[in-house]
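The following block contains the structure, expressed as structure tokens.
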Amino acid sequence: MRKDMQTPSRKLDHLQICCNTQVEAGRAGFEDVRLAHAALPELDLEGIRLQTRFLGAELGSPLFIAAMTGGHPATTEVNRRLARVAEEFRLGMGVGSQRAALEHPELEESFTVVRDEAPHAFLCANLGAVQLRDHGAEWAERAVEMIEADALCIHLNFLQEATQPEGDHDARGCLAAIADLCRDFRTPVILKETGAGITAETARLIWGAGAAAIDLGGAGGTSWAAVEVERTGGDEALKALGQRFLGWGIPTVVSLCEVAGSGPVIATGGVRSGIDIARALALGADLGGMALPLLKPAMESEDALEQTVRAFLRELRVAMFLTGSGSVRDLAQVRTYITGTTRQMLCE
Amino acid sequence: MRKDMQTPSRKLDHLQICCNTQVEAGRAGFEDVRLAHAALPELDLEGIRLQTRFLGAELGSPLFIAAMTGGHPATTEVNRRLARVAEEFRLGMGVGSQRAALEHPELEESFTVVRDEAPHAFLCANLGAVQLRDHGAEWAERAVEMIEADALCIHLNFLQEATQPEGDHDARGCLAAIADLCRDFRTPVILKETGAGITAETARLIWGAGAAAIDLGGAGGTSWAAVEVERTGGDEALKALGQRFLGWGIPTVVSLCEVAGSGPVIATGGVRSGIDIARALALGADLGGMALPLLKPAMESEDALEQTVRAFLRELRVAMFLTGSGSVRDLAQVRTYITGTTRQMLCE
Amino acid sequence: MRKDMQTPSRKLDHLQICCNTQVEAGRAGFEDVRLAHAALPELDLEGIRLQTRFLGAELGSPLFIAAMTGGHPATTEVNRRLARVAEEFRLGMGVGSQRAALEHPELEESFTVVRDEAPHAFLCANLGAVQLRDHGAEWAERAVEMIEADALCIHLNFLQEATQPEGDHDARGCLAAIADLCRDFRTPVILKETGAGITAETARLIWGAGAAAIDLGGAGGTSWAAVEVERTGGDEALKALGQRFLGWGIPTVVSLCEVAGSGPVIATGGVRSGIDIARALALGADLGGMALPLLKPAMESEDALEQTVRAFLRELRVAMFLTGSGSVRDLAQVRTYITGTTRQMLCE
Amino acid sequence: MRKDMQTPSRKLDHLQICCNTQVEAGRAGFEDVRLAHAALPELDLEGIRLQTRFLGAELGSPLFIAAMTGGHPATTEVNRRLARVAEEFRLGMGVGSQRAALEHPELEESFTVVRDEAPHAFLCANLGAVQLRDHGAEWAERAVEMIEADALCIHLNFLQEATQPEGDHDARGCLAAIADLCRDFRTPVILKETGAGITAETARLIWGAGAAAIDLGGAGGTSWAAVEVERTGGDEALKALGQRFLGWGIPTVVSLCEVAGSGPVIATGGVRSGIDIARALALGADLGGMALPLLKPAMESEDALEQTVRAFLRELRVAMFLTGSGSVRDLAQVRTYITGTTRQMLCE
């Protein structure tokens, strides 16, 4: 394969692997979190307001469609469906890394379809920290323009880089590049892990660089080490390396407890139900992001995706009802019970 | 089916589902509680007094028959048996929700049988908080009169309402309706959850409204989400919703530890032996309520039910003996060892 | 069967049930205790002194043969073997309850054999607290004389009494009877539970009554509820009652931690190896008692029993070596690591 | 077999048993340790410096080849391969106990091959504490000279001695012999357990004796009780004894936390990946030692061994990258999350 065409084809690999194999590893910690039940909610279930604000935008609910795809013609349809549902429910949505389209403008359509279908949605462009460092604000600008994005996610995925065949192994200069970007960029910048979580220490670096928000991307959901293990082909050493790192990283709930309160936070990684979104918000997140649980229905049909989203929002609504939360803001006040390993990790 | 006849038929569904399928979910926490053994009890086992007082009434023991049924002709026999056993052992007993009979007076017999058979028992009428709000003190009055009740249970079941096909989704105004009722009502009012538990916060609301007692109805016994899952028919979305909420709520033991000491408390939800009743009382409950463990024998025969109750009372008596408790009051002083998840939930 | 011959036949039942069915229940907690390893023990393994003193007597080791049998002609041989091994290793040994022989002097031989075979051993006579109360110092005297005992164990077994067909259900007056006995009796009195453990509170009562030592008889080894379950015959209610109480009581390690330091203590109940004896001593016990693990070899042959005891003593010796304990006294200083449920029960 | 030829043949037994049977027992605790992830490592993965210093020597990485073999002609090839890989990667390496060669100089070649093949490696001679005590500085000198060693490991293996057929049971005088040796010896002396761990108390003794470093040899990896169980032949008593002690000792991570900070430490025992080495260093170890995981490939071929070492170093490198550690020194600052039993053992 032509080396410069590796990115797009990799994107297709990822979708297929995520749909057909077990790519989740570890525990995000949501099963260790129980919400205080309000036996007397004093609310009308149907009147509960899921709406929320994030970085100045009005969102229909705190369910965020986490960055997944684009960059290969065959992903256009998936992005179209995600976008249509984002528009319908006024969800925030991230696109997958735009690197492929920045390198090969003929692939842009797989991204631009998102804005076409979701003219009013809060959309997040997506670029790797390494690409930002190597190509600077110009690529960031182009990424945002490509989809008329409302925010730009800079993703951090060094666990994946270190365990994938064609990974980028030089992480130097990323922080400076992020700080440079944040200084002048007109669009808010979100720093986003992709499965290994953000510690309190890293959060301080990120806020110090001027980011507008953090997407935790904690451990316990889709594991990129697991995904890359499937792509190692005959390279047994690389495969074994990936397997060792399946359990690496900070579980989403632990990461959330470390970062909550320091700035706007999207909790992504192992969020698997509307109740999990409620748990995340009770623990201090602003939004709860989901990738894998939306991918399978999105590859099936728009209808399947819509039903899935509707079900998650229903669960969230019921969880809000049963915690006496009339609004997303109320949810942040709900008392939680934290047990098990998660509790132990929080009590260092 | 005529919509106005839905309630009675639903009642029958419930009994059959509870008898034939696994409707218990989660853990109530009793297995995490161990009682301090008194190697030298200094008591006569047969002389131990199980008698206790609750809301001014003399009860033969702290085993309470939790609200279950009535409202369909086929349930009359079950209620008759429960009532006869309540009378025999002087147990407190609740009837199931009287809504059906309030709407359809021809169904009253399935409730009145209880007072007929148990002229001296402490009986609790039963009405949903939503029905109270919608029909006011008049229905409360009629419910009490129907069985010459000694107390009125207002049940809170919003988890069930939110996950059942014909559920009531508007919970507004219930607290005010309860407060209104408590202000003037001549019969003591008990607020009762039905499987999701009462937190310390909710207990404060309830006492503030003027209730005379709380029945915790904690998680870990019969799960109404589980029951309703069986009734969703073809509605896959509703079924999935119910399944998500199987684990919802505050386990009975945790709920008990939060509420104990603030007023009269019945601990219901996952009480499965006389030892569990002793545990509940050692942790501060006034009575231990049981529904499911009595339902199966009650549907079989009066004799089966009587033997079951006798066995539970024997276990309670032995547990009192082995903790050196000559009376129910002594039991409240017994030291407990709390371990596991329950312990973690209590140490927030 | 003649009612007055019930005791001896029951004794035989017990041996057979203990040998042929699973009569252990729960966990004594020894698996939660780890001893600090001494990598540089500075000892000669073969020179380690297992000898210890207990109630003024010199014992060959802290392994105590807990009370088991006697009272039926068929048990004479078992007691003979236990006694010969006690004599050989200078172990302390208790005989089973002597009630049968006190009621039927023709059964005395099954006890007297013990002193015949073990002229120098530290022997403990055995009587139930109820028998002491009912028959007073005279029976105590006769029990001691029968085997020229060095101490008298008064056993507390109300869990068993409450769950066995012919159980004694009146426990009143036992404490006073014990105090009366201790006041004048020339032989030291040991209070002994038989599987449900002694709490700190009960220990205070026992010391207050003037006892010379406590045998904890904690939960987690032989469960008398389990044994009695096998003897309920057709009485399903009694069987069910016994099963409920299988897990009752204070685990031996927890009981030990509550009682240690307050007076001489034998830790019995679930001691299953020489390492367990070492653990018990490190936690503050003076002796570690075993019943069930010695019963099976004792019923086989003297040789089997001797090998079993030798193995336990070897394990104890090695554990002392690897903790740098040249003597039983040193063992009491060894640091322990306590984890799991046991740890949680200790941190109330 | 001639008694004086027992040592060499035993050495061969050990290798075969370790390769063909399950000789690991318990848990070293590494699975309870999670490292704080650095989402923004600001490093070049390939530029990370694995080099470190230990006792004045420059090592290519903190992976230490723990003492394994020598002393039988058939082990020469295994030692050759280990040595060649040590030379290639500049790893520290220990040889197995040299007792056999000190007693039978014709066996020296199985040791001298190591220095021949690894002229620049940091090599550790190896002698049992008992041999040191019995033969004094002369044997220590000869052991060092035999391989021109850079340090001398005195191993402590009393768990093994106590459970093996021909074990040395007298541990007296070892500490004095060590102190004597350390006083004048020109080569640094390392005290090394072999599977039961070093407590804080033992560490104090060791530092007091003047040792230069400690190799923890904690529990949870190769269990010598398990190895010796395989060698008991028909001796059932010895086999049973060994089995009782399978779980004996202080897990490596617990031992490490007790000893860290008090002097140079090698963490050996259950280290099974490069991530485990990183965990050990984050908890305060200077080197992470491995025996069993290197034995199987070393018995296969030099190539297999080289690939194994390369994989472990790669894992270590990636773990350093993902914790933002550019050097081994940085790794020591990485925050850890400790959970489970390990955490409980640390909080006494």
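We just call them A, B, C and D in the order they show up, numbering each chain from 1.
What we mean here is this: contacts are C-beta pairs under 8 Å (C-beta built on N, C-alpha and C of every residue); 3 or more make two chains touch, one makes a residue touch a chain.
A quick note: this is a predicted structure, and the numbers were derived from the prediction, not measured.
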{"item": "Labels of chains that are neighbours to subunit A and to subunit B", "value": "none"}
{"item": "Copy-to-copy rotation for subunit B and subunit C - C-alpha atoms, rounded to a multiple of 5°", "value": "90"}
{"item": "Copies subunit C and subunit D touch via same or different residues, half shared test", "value": "different"}
{"item": "Computed distance of Cα centres, subunit D from subunit A, in Å", "value": "44"}
{"item": "Distance from subunit D to subunit B - Cα centre to Cα centre, in angstrom", "value": "62"}
{"item": "Category of the chain touch graph - line, ring, star, complete, other", "value": "ring"}
{"item": "Listing of all chain pairs that touch each other, if any do", "value": "A-B, A-D, B-C, C-D"}
{"item": "Subunit C - residues contacting subunit B, complex", "value": "129, 156, 158-159, 162-163, 169-175, 191, 193, 196-199, 201-202, 205-206, 219, 237, 240-241, 244-245, 248-250, 254, 341, 344-345, 348"}
{"item": "Residues of subunit B defined as touching subunit C within the complex", "value": "34, 36-47, 273-275, 307, 310-311, 314-315, 318, 321-322, 335, 337-340, 343"}
